[in-house]
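Dropping the structures in below, format is structure tokens.
Two complexes follow with subunit A in common, the first pairing it with subunit B and the second with subunit C.
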Partner chain A sequence: MKNQRWETKPLDCWQLAKEIRRNYDKAIAGRDSVLGQGNTSFTIDWQAAFPAIRVVEDNPVGAMMAAQDEAFARRARLASEVRGWGREICGYHNTCWGAQFLGYTADGKPFPERQFTVPFPCVCDSHIKRGQQCRDYKPIARWTNDFTMYIGERDEKREEAMLDHRNFNTLKQLNEMETVFGQKLDDETLFELARNCRLLKQYRADVSYFMTFTPAPLSVKDLYSFFQLGSLAKIGPELAVKFWKTLRDEVEWRVRNKIAAVGSERFRWIEAHPPSWHFLKYYRYMEQYGAVCLGSQYTHFSQSQLERKPDGSIDDREYPVYSPDMELTTREDVVRFMTGPDARAPHHFKIDEYLRPFALNEFADIFAADGALFGLWRAGVGCTLTRKEQAMRLRQAGYSVMCYEGAQSGDRVDLDEKRMLEQLDTWMESLGLQKLDE
Partner chain B sequence: MLIAGIDMGIENTKAVIMKDGGIIGRSIVSTGGIDRPEQARRVYDEALNAAGIDAGDIKNVTATGKGKYDIPFASGVVSETIAASRAARFYFPEASGVMSVGADETIAVTLGDERLIREYALNQKCAAGIGTFLKYLAMRLELTETQAGNCDGPDAGAINEGCVVFSELDALSLLNNGAPGEAIMSSAIKAAAARAATVYNDLTIPPAGRVVIMGGLAKNRAFAGALEKYLTFEFLNCENPEYCGAVGAALSGVKD
Partner chain C sequence: MAINFKKMVVGRHAYAKAWKERGGGKILGYFETYFPEEIAYAAGVLPVRILAEHEPDLISDKWIYGACYPVKDMANQLLLGRMDYINGLVNTEGCQWMFNAYEVVTNNRPGLFNHYLFLPDYTNSATSKDVLRSELDVFKTKMEDWTGNSITDEALDNAIEIYNKNRVLLRRICELRRAQKPVITGSEYMHVLLADQIADKAEMNVILENYITELENREPGRDTLRLMLIGSETWDSGLEELIESSGGNVVIDELDNGTSYFWNNIYPQKDRLMAISLRYLDRPHNPVKDSNWRRRPEHIFRLAEDYHVDGAIIQKQIYCHLHGTDNYAVWRLFRERNMPFHYLERDMFVPKEETALRIEAFMNMLREGATRLAGWHKKALI
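Now for the complex of A and B:
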């Protein structure tokens, strides 16, 4: 192949990923006698320890609606807006909950009404509103996750107290769910979930680490395809572990044999947050320049956290009140295992920007990036707060940065696709890069 | 060597013919209408006629501008930022920056030493169309292009500098209140300059003086003066700044 610098080949584990996706409906069948919504399982998919409770995420549901059927998504957002939920609300939510107000989903089936909600707050956008729309619509149970978030100098005693508060509330939530829904949480299953989660976290951390190598063995498009498997997609813990172990081993093999995701790799860039899901083709467009996206805070920080150690090496981030090897013998242990990494929320891709202003500089350094591409969003996941400051810090450190405008990841209305591609051309040409087929 | 550049902007399409580093023919036509390829052909033919040569003698025809992909006979395209930067170095080899303000787009560039461009900034969507806004406001105020370009006197009061929709509303309110057209135009030009200055201020590493101004609004003396006041330095001015994009495109067609 012309201009190929590295050998490349498709991932073998794609087949397993596709199989998991095909079996998704089967995996969750019968589990939705009680259907809730919320962001509950970035760490442990605790719902699986209940006999018949299922939690769905409004983020992927809303994103999927917007990406697959824009006409329906517009109707849904309008239905939400006329009820007073403005466009400063996350587009995912307005689409998902607009469908609730309409009463049907894109395929015409009745909207599956929620029976409880577990929202969590995010400092940068409207996720604290998560769950309010469905609770306002109909009186349902609501529990809220807290973040151990504060600003200023690190105070470990304060973190410990905040984690105690959060652990208490999480235990209370699980106990109350048993009472409200008349289902018993199976602690043995919960322990197994936690042990699997421990494996998953390590495999994901390894995959992240392998992506620091040149050539990158995966691109962000692979990560976006896989990172839901085992976290938000509720596919079952054993299958998730199997998949990530397979992926991890294959990616390590690719690194050892210098198998690239993009055979013409000559420019590496990072992002901060999710892209416009309907317009992922810009990743392929950039490959024409030999440019590969290594991922974002969103993809890597949701999965693992790497940091540069004082001796210059790269390794997993360490936490003051958490260890991945902590003992798990009680329900409370599991809850502490779930919440521990949230101490002052250093891993969270949104909050990180407030607490560690140079987080993206470290990210770019660790992943040997040449530049960064930032979307300037109106609101929602990856809204514009701090984005320009991050761009400035990266530029001052010698990285090339491009910003483009859009509404939100799940709202295509304000993204000028043609303009964005032209801006990408300008970005690449300004760096002296031409399309490789020209 | 004979080379050509065509800059198809939102308002006008410009073409230049260059020979051995000099411009030997140029032409400009309005871009309007639906048949952009035909407009490109027309402006190109006019530039060839002005140069007194045949199309067959031209080695490269490079296109730039918003309509660059609507020029079927172009042998290549180059982004507007690259074209503007090349033109700046062509006119002023010692230049360290570019400020290009056209009908639609505002570009600020810090030129580099090892690389042509060290850093660049483009206007955000809500800051697009500065040139078009001033053109149509001048028409509404019944001012010629030259008259509008001289409106650097007392203004009629501040008008919105964040969005042309609100700027126009403010301008029309001033008009309804009896303010003179020249004073309203002065207000609008200052607002437009303030908005353009924000693009320059987006540069993390601004140029060290020696900034070339180009694009259609570089011809507007009042606008360029207002922008200089905001940026607190004087621009390097080139002859026929509206052709700079086409010149830069022509030069981009030549391999270094």
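Now for the complex of A and C:
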């Protein structure tokens, strides 16, 4: 192949991933369970310890609606805005809850109304308000919690009350769910989930680590295809571990044999937050320039983080966690294990950029990036805060940075796709790169 | 002589500098009205609200994208050194855009004393009061270290008494607005509140007491359409003045730096920090703190009833995602209870002609012939 610099081949585990996803979609379609709004993936997937509880998050639902059917997504947005929802609310929410007001989904099926909401505490204000939308719609059970944070060095004493607060609310929620829904929470399963969760995290962290190599064995576009397996797509802990081990092993093999995701790789770029989900084709577009995207803090830091060690090596950033061998005898023990000893955990992308203003510079260094591409989202406070500062810091460190504007990752309304591609052309050409087939 | 509160707001920087020169100590800027000023005050510090104003801004776009204009202006002012008398900044957990201004400024001025105070968004959990009490304790220690002053129980009692008195005085003025012909206009009241947020409360209490005496001797005002102002914080009285020039009057508000700032008192108890914690968790909440069961719409409606309003203006700063998520619930309640309202999005300023036309049309809808637009729709039909 012309301009090929590295050997490349499709991933062997594609078929396995597709099969898992197909089975998951089939399973949830036929399952008779109590459906709730929220997220459980940052800690342990506690819903699996209930006989018939299913928690879905509005983010992927809204993003999927916007990606699959533009006309429907616009109708859904209108349905929420006309009732008073602001234009600058996160697109995930506006679209998902707009469909709730319409009463149907894009395929015409009735909108699956939520029967409860559980929290997804986050530093993002839009997340804090989440769950009220379906609670406003009809009287359903509601539980909430806080994301506890502060700026500066860790202060264990200060965190004691924060951790007690979080643990109390989580325990209360699990106990009350048993009563409200008449379902017994299986503590043994909960213990098992807690013991296994570290394994999945490590496999995911390994995949991130392997992506720091040149050529990149996996592009972020590839990674996003697997991203939800075991997190938002609740495929079950055993299968999740099995899949991520398979992927990890294959990616390691690719690194050892210098098998690239993009055979013409010559420019490596990073992002900061979620991409425009309906327009992922820009990743492939950039490949025409030999440019490969390595991902972002969002992609890699939801489970663990990497850092440059003093000796120059790259390894996991260590945060305080409880040992997987911690004795778990009561439900309260599991709740404490889930929350962990660190009140500002999980250290995902948003909290990370507040606590470590130069985190993205370190990320760019670790992933051997040449540049960065940032979405500036008018309607996504959590996805936008600090972005301009990060761009400046990267530029000061010698990285080339391009920004583009849009409404929000899950909202296609304001993203001018043609303009964005033209911006990408200009960006690449300004760096002396031409499309490889020209 | 009557005090000019508008002048006080405009001259706030000079006031703060003069306060400092009098040997008053350090000045601490804060962003959110959830900041427990009492603790700083007990340490001999003057807490000063960072007020947004309209100044052509060449700086903040470089640092901030997508925030509301008041937040950008706050960052702009602080980065330009307009408030160089401030010795420190504190951000209480709340609006994320305000946090944006805080972190931009503190990242740019690393030497500036700063503190992030966690105040739960889930305000009514059984453990919320404990976690906030703990945070207040951390802040108290930090204040003591910063100032070198010990915050004794007596100092806290004194601060609580002064702040409680201030709230009572503001409430007394607010109660005068219930009258059929209020002696105070909405714009004047907003200036009182803004001035209160930048002044030493002990000094302000004396001013307010004199002011109340003056108000009690005033002739009744006009019998006008009575409006309520709801939504994002406002930083001047432009909207109130515009409403007044159209023949209406804002008789009550539900704004974070309006009535919500002073609505409830601290009920003293032996554990002073717990008393403060309970006050801030129990105040009328803005959307980010009203994140569990919705209490805010009911509070708004109660104010509307108590102050006999004819209609409400719901205004939202562009990019205010928090009010964007709450307006649905407020609209719905107003519709259910037959309370007329008009919704508008705004910038730092409101566009005068456009907003005046909309407000006049709304007022005319409330009472035909109330404004110069009387009968306009009939003429249009011809």
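To be clear about the criterion, the second predicted complex is superposed on the first by the 402 of 438 C-alpha atoms of A that agree within 3 Å, B and C clash if a C-alpha of one lies under 4 Å from a C-alpha of the other, contacts with A are read in each partner's own complex, and residues count from 1 in each chain.
By our rule, contacts are C-beta pairs under 8 Å (C-beta built on N, C-alpha and C of every residue); 3 or more make two chains touch, one makes a residue touch a chain.
No experiment lies behind these values; they were computed from the predicted model shown.
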Subunit B versus subunit C as contact partner of A:Asn169, first or second or both or neither: second
Subunit B versus subunit C as contact partner of A:Tyr150, first or second or both or neither: second
Partner chain(s) touched by A:Ser430 [first = subunit B, second = subunit C, both, neither]: first
Subunit A residues touched by each partner, larger count belonging to subunit B or subunit C: C
Which superposed partner A:Met392 touches (first subunit B, second subunit C, both, neither): both
Partner chain(s) touched by A:Glu422 [first = subunit B, second = subunit C, both, neither]: first
Partner chain in contact with A:Gly108 - subunit B first, subunit C second, else both or neither: neither
Partner chain(s) touched by A:Pro310 [first = subunit B, second = subunit C, both, neither]: neither
Touched partner set for A:Pro139, first subunit B, second subunit C, both or neither: neither
Footprint overlap on subunit A, where subunit B in one structure and subunit C in the other make contact: 376, 392
For the subunit A and subunit B complex, residues of the former touching the latter: 376, 391-392, 395-396, 400, 405, 414, 416, 419, 422-423, 425-426, 429-432, 438
Complex contacts: residues of subunit C adjacent to subunit A: 61-66, 93, 95-97, 99-100, 103-104, 106-107, 114, 116-118, 120-122, 125-128, 130-131, 133-135, 138, 287-288, 291-294, 316, 318-332, 343
Complex interface listing, subunit A residues touching subunit C: 80, 83-90, 93, 119, 123-126, 128-129, 132-133, 135-136, 142, 144-146, 148-152, 155, 158, 160-162, 164-165, 168-169, 172, 354, 357, 376-382, 384-389, 392
Of all residues in subunit B, those that touch subunit A in their complex: 76, 78-82, 115-117, 119-120, 122, 124-125, 204-205
